[in-house]
Each structure stands twice: as C-alpha cells, then as structure tokens.
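In what comes next, chain A is part of two complexes: it sits with chain B in the first one and with chain C in the second one.
And now, the complex of A and B:
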C-alpha cells in the first residue's frame, strides 16, 4: 500500500481532475492518492469523479480554501 | 488510514464578518439614497454570489463535464434552473402583457445569427481555459484564487473590445430572425413547448451519463 501526493495547488478546474485520473491509472489497488487543491470547483469535481468510478473518497479542509482529496483505489 | 496533513491553525473570522456586514449595510443605505435600484441590485448580487459559492454551482462544468467525463449532474441542474426561471419569467412577462404594459426584458431577445454561433464557440473555449464563466470567475476572485484575477482582467478587456466592435457584429445580424416564442405560439403553448424541450434535454443528459459512466447519482 503506497501513498502518493499530487500537488494541484493553483490549478484551475478541470486540470486537477485530469491529473488525478492519469495518476490513478498508475496506482495499484489499495493505494492512496492525495490530491491537494485550492480551486473550489475541483473540490466538487474530483470527489464526484472518484466516487462515480467506485473509489473511496474523503475530503479534508486543511486550510482556508485549501483541500486534500484522499482517494483509495478500490478497483 | 493515511497520514493527514495537520490542519493549519485558524484565526476567528467572526470580527471580519461582522465588520463586512456593517460596511455593506452602510454602503447599501448610501446607494439607496442615490438610487433605490442600486441598493436592490447590491442585495441581489450578494445573494446570488453567496448561493453560487456555497452550492459550488459551475456553469462551465455543466457544459464541459458531459464531454470530459460524461457526468451530466451539473448540466441537469442547469436545465432544472432554467425550467424554474421559465415559470417565474413567464408569469412576470404575461402579467405585463395582460396589463398592457411594456414587457420587461424584451431587449434580451437577441438575433439568431452567425455572431451568436461564433460568440458561443469563443466563449465556450475561453471559459474552459480560464476555468470559469463570468459568474464563476467573479466568485473565485472573491475566494482569492489568483489565476482568476488574470481571467477577470482579460474578461473586462474582452468585453470592452466586444462593445467596440459591436456595430460590425450587428451588420451580420441585419437579416437574422429574433424569435420570442409567445409571439409565435401564444403564451400557453410557448410555455408548454419550452418545458417539453427542457424535459427532453434533461432526459438526453440523464441517458448520456448512464451510457458514458454507467451510473447516475
């Protein structure tokens, strides 16, 4: 089980989601991807995308307007 | 579970919020003295901004995600919003029509011509690159997203440029039709047709997501 951080700070929607999609493809089942974002649109976009693909998702607000989307690759 | 980044310590924002509310009330009062419409516009602007920010409603995503990911949840939300607005606008306009007053908002019935198509394509490309449409950009500038301050600047430059070239664009619209549905079908039928069209778009969006993602929330 590995944990990968993906720095998307300062990137506007939909770049964080596209980056997350690419990174997820490289990971193995059971790995965690932590996407760091500060664009409020991506805060909805990234978790929605991951949930619809059946992954476990948790969103953590680490600062004012700064979030970490923690995605566990399930399949 | 994974190791989480420590939450940065937060200072209370309550004093700022209070100061802002007081400042807005004072500012609103001042505007009301000059022109009551300005104060009403301010109130609606603040309410709209609040709803937009809290709901994370994004018109750009509504038109982009169906192609990018296949998700149409925001696209369907926009359809519902237009349907609700249709009810309200029809009532307001129909009431003005019955009272033989000038129907409000008729200057928004624009020509359907080449400039509309070109403008739509240009705006669509621009908003996806800039990461937000007009309202979304304004809202995220308020949130402090720096890149979109640049978007806002060029949004204003582009608007001015557009106004400058407007006489040229209008020459392309001389033969383009302006269609107001109630003029064509009558008020009742126009309302029904618009609602049916929106319902059809909603269904298409629903099955689009089902086909592309295999799941609809």
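And now, the complex of A and C:
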C-alpha cells in the first residue's frame, strides 16, 4: 500500500479529473491517491468520478480554496 | 468573535447553502427561476456576451473610433441602448452582478484564493480560448447562455442548432485539451 500525491494546483477543470483517472490506472488495489486541487468544480467532479468507479473517497479542505481529494483504490 | 465564526462554520445550514456544492438539479431549478424573473422584468431572457460589444463602443467611441458603419450597432434599439449608457443597460448591470455575486459566494464559503499560473502554455490557451469564444459568440449573436440556455428555454429551434454546434466544438476542444495538457 503506497500513497501517491498528484499536484493539480492551478489546473482548471476537467484536467484534475483526467489526470486523476490516468494516475489511478497505474496504482494497485489498496493504494491511495491524493489529488491536490484549488478549482472548486474539481471538488465535485473528481469525487463524483471516483465514487462512480467504486473507490473510497474523502475530501479534505486544507486551506482557503484548497482541497485534497483522497481516493482509495478498491478495485 | 472567533467562537462566533467557528459556530457558524460548523452550522449545518451554512455548510449546505454556502460551503458544499449544490446538486446539479438544485442549480438548474434556481437558474430556471431566475431566468423567468429576468424575462418578466426586462422583457428578454438571460444573456451575457451581448453586452461586450456595447462595452467596446463605450470605451472606444470617446477615443474617436467611428462605429457608424457597423450595421449591428445601427438599429434603432441599439442606438437607444448605447446612448442611454452603461447604468441603463440591464445586461451590463447583470454581468457586473455575476462578478460580484461570484466574489461574494466564494468569500461566504471562505474559499477565496489567488491561483498561481502553472505555465505559459496555460496563459496562451486561456487567451486563445477567450478570443475564439468571444468571436464565436458575436458571430452567433449569443453565447452558451443567450443562444443556448435562454433560447432552448424559450422553445426556439435556434437553441438546439447552437447546442449541436457547441457539442462539435466541445468535442474538438476536449481532444485538443487532452493532447496538449495531459
């Protein structure tokens, strides 16, 4: 089980989601992907995408207008 | 004071209204409601980019640029609107309201942030995209608000034609996006 950070600060939608999708494909089951975002619409579509694909998701607000979407790959 | 703000930020109603993203359905219903009000009070539906050409005239005409040969700006209604000025133009005021409303919303959610620019590629794409969208919106006499949202809501066929063109443009745009930004 490893933890991978994906820096998407300063990236506008839908790039964070596309990058997360690409990165998730490289991970193994049980790994965590932490997507760092500061575009509020990514706070909706990144978790939506991950949940749709059955992963565990948690969103953490780390600062004003800055979030970390933590995705656990479950399948 | 700090206790007061801590109490508000943990309030469930505050979080639902100002902090967390609304559902798409709630947003759609609210927009439809506001568009109905706009239609009732101003006589035309919601639009955005139409005001931009007025702004160009208001900025450049005092500097000596002659717009009398621009047929689009020479209709009776357009002349009346341009002579009345910025503060009598509902479209312009509403655009101002959108900007201030967005600022207010982001401040209420305590999510204001000045984002860093990641690359010059991003700057170039943003400027190019802005020019293409602005130019396209003037050619089509509307953007995705006036020519799509308001037009389809008014049962106009033109809105659906615009939607088709928008889909093609969006498809090409997303291909370019994944090619150059991934």
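Keep this in mind: the second predicted complex is superposed on the first by the 75 of 75 C-alpha atoms of A that agree within 3 Å, B and C clash if a C-alpha of one lies under 4 Å from a C-alpha of the other, contacts with A are read in each partner's own complex, and residues count from 1 in each chain.
Here is the rule we go by: contacts are C-beta pairs under 8 Å (C-beta built on N, C-alpha and C of every residue); 3 or more make two chains touch, one makes a residue touch a chain.
Because the structure is predicted, anything quoted here is derived from the model rather than measured.
Of the two partner chains placed by the overlay, only chain B lies in contact with A:13; chain C stays clear of it.
Contacts of A:30 after superposition: neither chain B nor chain C is touched. Once chain A of one complex is fitted onto chain A of the other, the partner contacts of A:22 are limited to chain C, with no touch recorded for chain B. Note on chain A: of its two partners chain C and chain B, the one contacting more of its residues is B. In the overlay built on the shared chain, the residue A:62 is in contact with chain B alone; chain C does not reach it. In the superposition on chain A, A:3 makes contact with chain B only, not with chain C.
In the superposition on chain A, the residues of chain A contacted by chain B and by chain C overlap at 10, 14-15, 18, 38-41, 43-44, 63-66. Of all residues in chain A, those touching chain B in their complex are 3, 10, 12-15, 17-18, 32, 34, 38-41, 43-45, 48-49, 52, 60-66, 68, 70. Residues 21, 106, 110-113, 115-118, 122, 174, 177-178, 181-182 of chain C are the ones that touch chain A when the two sit in their complex. Looking at the complex, you find that chain B touches chain A at residues 2-8, 10, 53, 56, 58, 60-61, 64-65, 68-69, 71, 73, 128, 130-132, 136, 140, 143-148, 213, 215, 217. Interface of chain A with chain C (complex): residues 9-11, 14-15, 18-19, 22, 38-41, 43-44, 63-66.
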